[in-house]
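Okay, handing you the structure first.
Order as written gives the chain letters A, B, C and D; numbering starts at 1 within each chain.
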């Protein structure tokens, strides 16, 4: 490739659609920018300590910039600091980090939960029981979202949490949980999910349970369901995996000497619902049945990514 | 001499592999130096403690599935205790957490002895219990670590009488690891207790008949495992500055390193040195894969292949090296 | 020489019951299961209905089949940690290949990695004598790597769940899940195989005393290779069933089933050291775990508390079962 | 005036589920006495030893040591009370070297070494791992370890069963001196020669109860047997046939023909024939290559040279299944090597039926049942605890290993010390069985550590020394002095100069040996 930079990438969750899309967006953006000679990707399942190891290895590999999806905002501070000291540009995507020298381009997780929950509670008429299906217990993204959910809940005093479960962001676990819950016969008025959404709709359909409003993420499968499943009212809150591509863009800008005005850029989520005609139209245009159902449909972020759909789907980086 | 080769041959081979990997690393990245070695030592730290924890119980004929969960619990406990506390308070936190690990480990042993259920079930159950406890201590990653603790793994140790360039290759993390392991392992290995641990792993009935207090020995083995795991948990808190309630990938890694290190799953055989070298090998392979910028999806394949290939090779030479006339 | 000890002792009622249960280890296990169901019904009156039963069966079936893989491999003193990866691979390949391929071709392609991984496992364990835990862990890493590489080639083509699998996975006929149509024959076959075929006998014999089996003319590697291929095939079929149930092909679809499958086999009375156990117990073990998961889902308590409770119940169930079955 | 007993156990009972291993056993041992504990297989001898030494806990019973009530709850407690056992199975930790094994039990090293030398093992390396040491030596080390701490009561459970004659002799000598030194020994053995040479009194167990205590005196043997078995048994001398009969039965071709067999340094140039209908004995001291010879013929090890012909056709075995295919079955001396201990008697016996790939399918249960129960009946296996072989007594386990090949109808059986640890009654049965098999045209290669067995069953004897066949005797000439001389590698006709072997019976002055 013609580029001049080597960019290191560190990610600590493997095997879920969102993270795979993020990696592909990074590759596609690196390729589309034409500025990157090589990507050096550390992509595996590990914890903050493991991510520190990866970051230090990337420092040893003498990359020019590191784009990192942090396992924890505070836990990798030492590694990021060392990277900056070594003259490496550090960009955190998806979540913030506490290291002040790092640049951050992040989805706003608290806002993500707040937006969806608020819409859901409005749909429920401001009262009733909600089934609260969280992510993985102990994960920082989950606790951020919990803050947003609780904030919305506080605004609707008549909405009660019927049941709170942790899906571990696992499809099978979530499905078993919803089925068990449905079998109890407890009436509910809405379901909030942390992105494990299409199996929930499946379960409602299979069990011929009364359809209640469901909030999920903009995963291709769920967006498709919002368009096609009869009687389903719901909303998809965007949480683009393509934020990874944006992170690469930001890193390249800094390397080229175009520092952004602020250290932190927040990409705010949008909410697409099928309760109104305008919302329906938006969902229709967003739907993309050709994508893997686990992939978020928002495969690009305006102003931040320049690759084409073919490029991200091909999932090839420079030199591949 | 031949006995040395029989007993230590595997460890020596592993060490040769490690040296080979260092040479390879230097070839891949000519700039690889003492600072990078320090990084390696820090990366090794939690794995090494996890593997030490696993080694003790495997030698005693058991297996501890709760190692990683124990590390998570001790890590969040330490991190939440030190959160907002004074630097001196950490002087109390460290021994407290170590004792906590020791006691919880002993509890594993007691449960195994009392319920008579297989080790694998009991520690699977305690895996959930410890994970749950970790979540109760800290619902999300957080907490803090004392600055002096964080500093204790950064930089190098000036060793009197050694030139500076040599000191640079003695990172604090490595020295800390060696000291912590040796303080426990060497006296243990020389004691009757150590022999008893090997004995119950080798043949429990024979050990019992030789007058070994089997139950007590098993409990102590698990307690030591808990202690090592607590060290691992502390090392996590020290290196990240936080505690995370979700266990890291230390369980399977510890089992893999134990086997790579020449400790028989089944008990009675092997030592601590082999597994520790195995941890270095595995971490260094990871470094090399990153330095080479190998496609991340392929790295999983390579790591799996290396694991299988090394163990197969070991099995192969034992099959070949069997003296003529021995019944297989 | 008259003494009370020589007279036929009156056997107490409690002892008689205990002995009765010890001879039929399934009964206490079923009783434990029923107790759990009763607790569930007390906590949430009305939950135990036809629909709940069907759902429980649906989720217990894939777990029970994978636990069957563990049972068979554990009988020989092994374990198969690659079942999760194998099931995931076949599910993912099926869902992605069905888009452009004939169903029969897609099916064959989906089962191909299962056969390969089983074969490699079998050769590693049976010929090279690699410890099964390491061997299957290694192949599962390798398999995951390949799956990720494969995944990148099919991002554009999307995925589809074949209607038949959908019907099998989620369908219910007269209140009975259709999955039973697959499971009942499989279970009968496994039980028959273990008890009434030469191959089944050999699994027990090899696990109990490999040398004795060898002296009786058994070729270890044949048994082991056949076993791991069979285990992998079952895992592959489970993957197809599971994708029909979950309907979301992900790269970690069946991984969460691995530890529970081991637990189900162990709770069901199969020894991880080989030579002892059977499949009927395993099935109940899988049901117990599934019911337990439900129980914990509907309990209103912090996640940490739930996990702690889960751990303790697993421990209690296993210990209670052992106590009842052991005639000591 | 009668001395007061050192150890006095009464009313000991132990149940395993439905099986009563001991009902009402009592045992009283005087200071300085060598006391035999006798009983048929499964009578409960080992169980009693385990109870006395804290390895298992009794359901009922009272144990007095020097008149004091003692509750031996663990092996460690028994040690403190001065009771030290040598169990029927080796007790060294397999993965530790001998020295560590000594440290583990707190055994002083120098006395141990002295005893080991005394017991006829001059060059033991105490850095050797126990796993690598042959079974017979391990047994001796167990004994030396017990002796080294100078226990008040030494309990020896079939100590000599797995020993070759030379080692057994040393053991007996040492044990007898224990009695002289004022220490008591409880001695379990199925060999009357040993009992009469060694013991002062005997306690006899039958079905878990003590049925009598007798003084050992000439002629008491019959009475003990009667008490042990409850009935009188015929002690017949099984008639071996003359060598020329064999040739008639077997035709001209030998069943098994071994020529110049070579295996590393263990076997040099071993040649012999085994005809159809013939029982050939193999006699050797410990470690002369007999283990390797049997393992080679059984297909367990590949020879490094030489040929094996079966029915005149050359064969090469690369796996025991090849040997089995050729109709050659191997019964190892160590039953733990041959049995799946957690499986039933039936499965153990039927195991070879499923071995081949072709036999992996459904089992014909009824046919199997018939064949298996035939074999069980033929060896009179006590099947009360048949659900798991490990619950059978040692002797009954041994029978299962033979029954397997009776059921499989093997044409040639390689028996490696098959009567090890088997009671007199059963021994007779086995001798008869082997002769019967020979009568049906089958052939048997029979290694034994007991010389008198040679004369009871064999047609011919080959003697192995240093991995070579040093002599072959027709049975008539195989008297014990001749065998022993050959076993030490001394040529025939050189008898005058070897005083050591004037009489192999330990009863006579073995002291003259040194």
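Note that a residue touches a chain if its C-beta (ideal position, glycine included) is under 8 Å from a C-beta of that chain, and two chains touch if they have at least 3 such contacts.
Here's who's who by UniProt: B = Autoinducer 2 import system permease protein LsrD; C = ABC transporter permease; D = Sugar ABC transporter ATP-binding protein.
Because the structure is predicted, anything quoted here is derived from the model rather than measured.
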- Per mean C-alpha coordinates, the chain lying farthest from subunit D is A
- Task: Pick out whichever of the two, B-C or C-D, is joined by more C-beta pairs in contact.
- Result: B-C
- Roughly how many whole angstrom separate the Cα centroids of subunit C and subunit D? 43
- For the pair subunit A and subunit C, the C-alpha centroid-to-centroid distance in angstrom is 34
- Chain centres from averaged Cα atoms put subunit A and subunit D apart, in whole Å, by 72
- Which subunit C residues touch at least two other chains? 144, 148, 152, 211, 303-304
- Message: Can you list every residue of subunit A that touches 2 or more other chains, as numbers and ranges?
- Response: 14, 137
- Note: subunit D residues in touch with at least two other chains are 300
- So the touching chain pairs work out to A-B, A-C, B-C, B-D, C-D
- Note on the structure: Given the complex, residues on subunit B that touch subunit D span 3, 192, 195-196, 198-199, 201-203, 206-213, 267-269, 324-328
- Could you pull out which subunit C residues touch subunit D in their complex? 1, 3, 5-6, 19, 22, 192, 196-199, 201-202, 204-205, 208-209, 211-219, 222, 226, 275-276, 327
- Contact footprint of subunit C on subunit B as seen in their complex: 111, 114-118, 120-122, 124-137, 139, 252, 255-256, 259-260, 265, 295, 297-305, 307-308, 311-312, 315-316, 318-319, 327
- subunit D contacts subunit C in the complex at 11, 13, 16-18, 23-24, 60, 209-211, 298, 300, 319-321, 324-325, 330, 332, 336-343, 347-348, 350-357, 359-363, 365, 404
- Would you tell me which residues of subunit B are touching subunit A in their complex? 29, 31-32, 36, 39, 42-43, 46, 134-135, 138-142, 150, 154, 235-236, 239-242, 244-249, 283, 286-287, 290-291, 293, 295-297, 299-300
